[in-house]
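Both complexes below contain chain A, partnered by chain B and then by chain C.
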Partner chain A sequence: MRNIIHLQDVRKAYGRKVILDRVSLDVPEGMVIGLLGKNGAGKTTLLKCLLGLFKVDAGKSLVFGDDSWHLSAGVKASIGYVPQGYRPYPWLQAGWLIEYTASFYPQWNSALTAKLVKDWGLDLGARVDTFSEGELQKLLIILALGHEPKLLVFDEPVASLDPVARREFLKMILDVVSERPCTILFSTHITSDLERVADTVAVLRAGRLDLCGGIDVLKESVKRIRFHCPAGVLPVLGDEGVINSYVSGQQAILTVRDYSDARRVSLEKISGARVEVEDLNLEEIFLEMNR
Partner chain B sequence: MDNNARLYFQISPASGVPIYRQIYDQVKIGIAMGKFVAGEFLPSIRDVSKSLEVNPMTVSKAYSSLEKSGIIEFVRGQGMRIPVKAEGAAPVDVHQERLTLLIKEVINSAQQLSLDEESVVQKLRAIWEDVHHA
Partner chain C sequence: MTNIMGALLLYRNRLQLLLLAAGLLFILPFGHMAVRHQQWILFEDLMTIWFCLWIPLAFQLGVMIKRQMVSPMAGLMPGYRAAHIVVAVVIWVFVAVLISLWLSTVPCGVGARVKSAWVFLCLGMYLATIVIAYVSERRTLFFGYGILLFIVGHTRDFVHLLVKSDPAYYALMGLAVCVFGCFLWRLAVLREGMPEFGCVLSWPLHRSKTSAPVRAYIPHPVPLFAQKKGLMRRAFHWAHVEAEDIPGIAWILVLSPFVFAAYIFYWAGPEGFYAHPYANLLVLTVSPLAVMLCFCYRTVSFRDYALLRPLRRQDLAVQWGCFLMVILMAAWIFTSFLFGVLPALVWHMRFLEASKFWAFLLFTGIFTQMTLVCLMYVASLKNQGMAVAIILVYGGYKLLEALGAPYYDLAAIVWHLGLAVGVCACLAAMTYRRWCHEEV
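Now for the complex of A and B:
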């Protein structure tokens, strides 16, 4: 499978403040990948570097094989992007904004945009500046989908949506991926949305890509292990693959990134303790990584 | 039709158990419990994805692992089916597995409430007695 996005050792700094530090990421065709990170972790900067809206200081950033800073018209026509906090043409009626946007593209799926307008109950006669945050977000998503892009990039798409609209957004993503080959990259800090629709998650922490992998694999390999050792003091357990550890008397809690049943057995052997393994969901894994 | 798959599966995406694994376990247990009958077809990947609102790749992964384990079979042009000879699937084993899952849930909740093993076991005994004598 070819890579739609290829980042290699990307670096971006503002003055002395390093925003992205040697970020490498490959996104193959058809992947739905969620970019997870705290506020200020560098998510938006990463997306903007990728789309050629910011210039990287060092490293390589390719989209559909084109250098991000010199994207061809053809590649641009294959990308749909919904930025954060963008309010276009406040005086324009929503319907006109859709028409206007459509006129820039050689191909535009009016049936699709009409369906989404109807599904999401948008008033095409209303001026853009009368739209609520949520309505605006829906409108921007529709504008990004009209030309049926092969790559969709959303920056915090659900942050301003209520739970019902968030579900609708997720449904829309699932519709898109089940109907045609499409690669989707979105940033978020709402982990429960990722768990439903994304197959892969990349965790950005202080400008570095901390972790990237399949959500299933992540849930199966990152585990919290509890030791109960009534007989005495726990031996040193080593810190290989340990994300966090907490030891207190005869109890210990380890969070490991490479759990396996074999590891459990060997831990039981060397510690002589009773071992319990706890499953972690994405939010808990994210919190453990950020401790 | 769209909500059909909701009758088959109950998914909690925010669980620590991967979604594909939840579907896998529910099919396996469903067969043992008689929820799925031999020869029955599972809802299509598309239907499950749509009605449960999860990525179709996840459903596909669950189905193909089930197929690999011989729990379901692929019938060309028709989809995934519970094999007619599913009776041999050692129901006792699966009941044990079901029980283990339920007890794990209890243990998890107990730990959240900072209850220790002893008090959980005591409670279990007490309730067991109650149910028996009722």
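Now for the complex of A and C:
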């Protein structure tokens, strides 16, 4: 399967502040990938570099084989993007905004946009500046879907949506993927949504891609290990694969990546303590990484 | 619908643009009638109104195309930039070139030529608004305005320059076209990562939303703003924040001496200060107003924060009014000294002893305050009062000019002062009431 997105050692800095540091990522066709990271981790910058809105300082960024900074019209027509905090032409009516956007895409699917407008209860006669944040987000999503792109990029798409709209959005993503081959990349803070729809998660921390892989693989790989030490002293186990460690009462707690049963046995042997292994959900993994 | 029609749609739905364009087109048939009946004075006045409408229209068009190009979609929608640029050029060609050509066919020679040259000057301002991305819009507005006021006030010389010299006239037009071409080229390649992107829409709220690279360097002013206690200290806080805009300051330093030198050069000429009272009125009233507006812009932008202070709304409204008045008076004193007293000290010391000189300066101060109150009232009616305010201000000047206001007659000055103070008091009271009930 060919890669729709190819990032290789991408670096981006604003002055002396490094935002992205040697980020590499390959996204094959049809994958739904969630980009996870706390505020300031570089998620938006990564998406903008990918789409050619920012120029990378170093490294390679390709979309459909085109260099991101020089995307061809054909590749642009295959991309749908919902930026964060974007409020397009506030004086336009929503219906006119859809017409306006449609005029740039020959393959615009009016039936799809009409259906989404109806499902989400948007008033096409209302001006954009009268829309709430949630309504605006829905409108932007519709605009991004109208030309049936092969790559959808969402920057915090559900942050402003109510729970019902969030569910509908996630269902829409699943529908889109099931109906036609479409690659989806979205950044979010909401890990439960990510678990619901994404195949793969990429975790950005301080501009670096800390973890990347299938969600199930990630859950299998990252575990929390409790050492029951009577003295409450953390055993010396080395830093390899350790995401986080702390002492709580008479327990020493380690969160590790690349967990395996063999490693558990080895840890028990080294520490001499009773060891318990806990599964973590995605949110817990994310919290552990950013603790 | 084609993408060009789509881009055109953005203009069709922009009410301010439509109103201004309608105003421009509405005046043309009257101008034509005036020419046919050889009513040259009426024609000149109509063209002046036309010119006054063109300023805000040019400014709005400039801001419009800039907004289109800083949209993240500009880099992602196929054919976006080309379509929007084509539409901008079409509008420019239609409004500027065709109407200017029509003006140049009017058989009154001098007036028409000059007015069409004005159009190109306005176009120059429009371009300056958008081309020179390193200068904030409001600074460009201020400087463009100052320069235009200077030229408008010295029309006769300008007329002579252009009539005597065809090359000068066509050079002016050619320059405008060249700059416009450069501007289009910059817009066609503008991306968010570029250094000028952050300043393209440099009003603070826009900048904070549109420019990540610049945002990384400029600390957000609001948290600091909240720490300041008094209204005046808050106002000066914005001045301090503005001072971080190094390219903008450099621009001021480059431009200011030229404007001042040009003014002084003319002022020191044979006709002197009293030869063009209308021009001096413009310079001494609109310039301080522009300075004040530039200075207070950010403060006004964050009025809602001020409303959260533990203070009655009525008291806050009074504070706001007084603050704006004080800043305006300071700006008026500054410009009066710069453009009135200082040149007199250097070239015409005898003017300093003439009571009319000081009366005239006083008159401009009162008139400035009156204009401010008008502006505040218009702004309280609707937040988008800039275009209306500019028209009102120009309308006021035009009215004074039409009435032939005798600025040197002390009795007339006293009468006008009384009238201005009365109007000020009424408008201030109305504005105060509106502020007390304003939703922010």
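As a convention for this text, the second predicted complex is superposed on the first by the 277 of 291 C-alpha atoms of A that agree within 3 Å, B and C clash if a C-alpha of one lies under 4 Å from a C-alpha of the other, contacts with A are read in each partner's own complex, and residues count from 1 in each chain.
Criterion: a residue touches a chain if its C-beta (ideal position, glycine included) is under 8 Å from a C-beta of that chain, and two chains touch if they have at least 3 such contacts.
Remember, it's a predicted structure, so these values are computed and weren't measured experimentally.
Asks: For the combined arrangement obtained by superposing on chain A, do chain B and chain C clash, or do they fit?
Replies: Pair status: fit.
Asks: So, A:260: does it touch chain B (first), chain C (second), both, or neither?
Replies: Touch status of A:260: no partner.
Asks: Just checking: does A:244 make contact with chain B only, chain C only, both, or neither of them? Give me first, second, both or neither.
Replies: neither
Asks: Does the superposition put A:283 against chain B (first), chain C (second), both, or neither?
Replies: first
Asks: Regarding the shared-chain residue A:130, is it in contact with chain B (first), chain C (second), both, or neither?
Replies: It touches nothing on chain B or chain C.
Asks: First (chain B), second (chain C), both or neither: which does A:85 touch?
Replies: Second partner only, chain C.
Asks: After lining up the shared chain so the two structures overlap, which partner does A:73 touch, if you call chain B first and chain C second: first, second, both or neither?
Replies: second
Asks: On the superposed three-chain arrangement, identify whether chain B or chain C touches more chain A residues.
Replies: Counting residues of chain A touched by each partner, the higher count goes to C.
Asks: State whether A:24 touches chain B only (first), chain C only (second), both chains, or neither.
Replies: Touch partners of A:24: none, neither chain B nor chain C.
Asks: Once the two structures are overlaid on A, work out the angle chain B-chain A-chain C from the Cα centres, in steps of 10 degrees.
Replies: If I round to tens, I get 150 degrees.
Asks: Between chain B and chain C, report the minimum C-alpha distance in the superposition, expressed in whole angstrom.
Replies: 28
Asks: Across the two complexes, what residues of chain A are contacted by chain B and by chain C?
Replies: Dual-contact residues (chain A): none.
Asks: Quick one: which bits of chain A touch chain C in the complex? Just the residue numbers, please.
Replies: Those residues of chain A that touch chain C are 14-15, 17, 44-45, 48, 51-55, 71, 73-74, 76-77, 79, 81, 83, 85-86, 88-89, 91-93, 96, 99-105.
Asks: With touch defined as at the start, can you tell me which chain C residues reach chain A in the complex?
Replies: Going through chain C, the ones touching chain A are 1-3, 5-7, 9-10, 13-15, 71-73, 75-80, 83, 191-193, 209, 212-213, 216-217.
Asks: State the interface residues of chain A toward chain B in the complex, per the touch definition above.
Replies: Within the complex, chain A contacts chain B at residues 32, 167, 170-171, 174, 177-178, 191-192, 195-199, 215-216, 219-220, 276, 278-284.
Asks: Quick check: in the complex, which residue numbers of chain B touch chain A?
Replies: Chain B reaches chain A through residues 13-21, 46, 49-50, 53-58, 61, 107-108.
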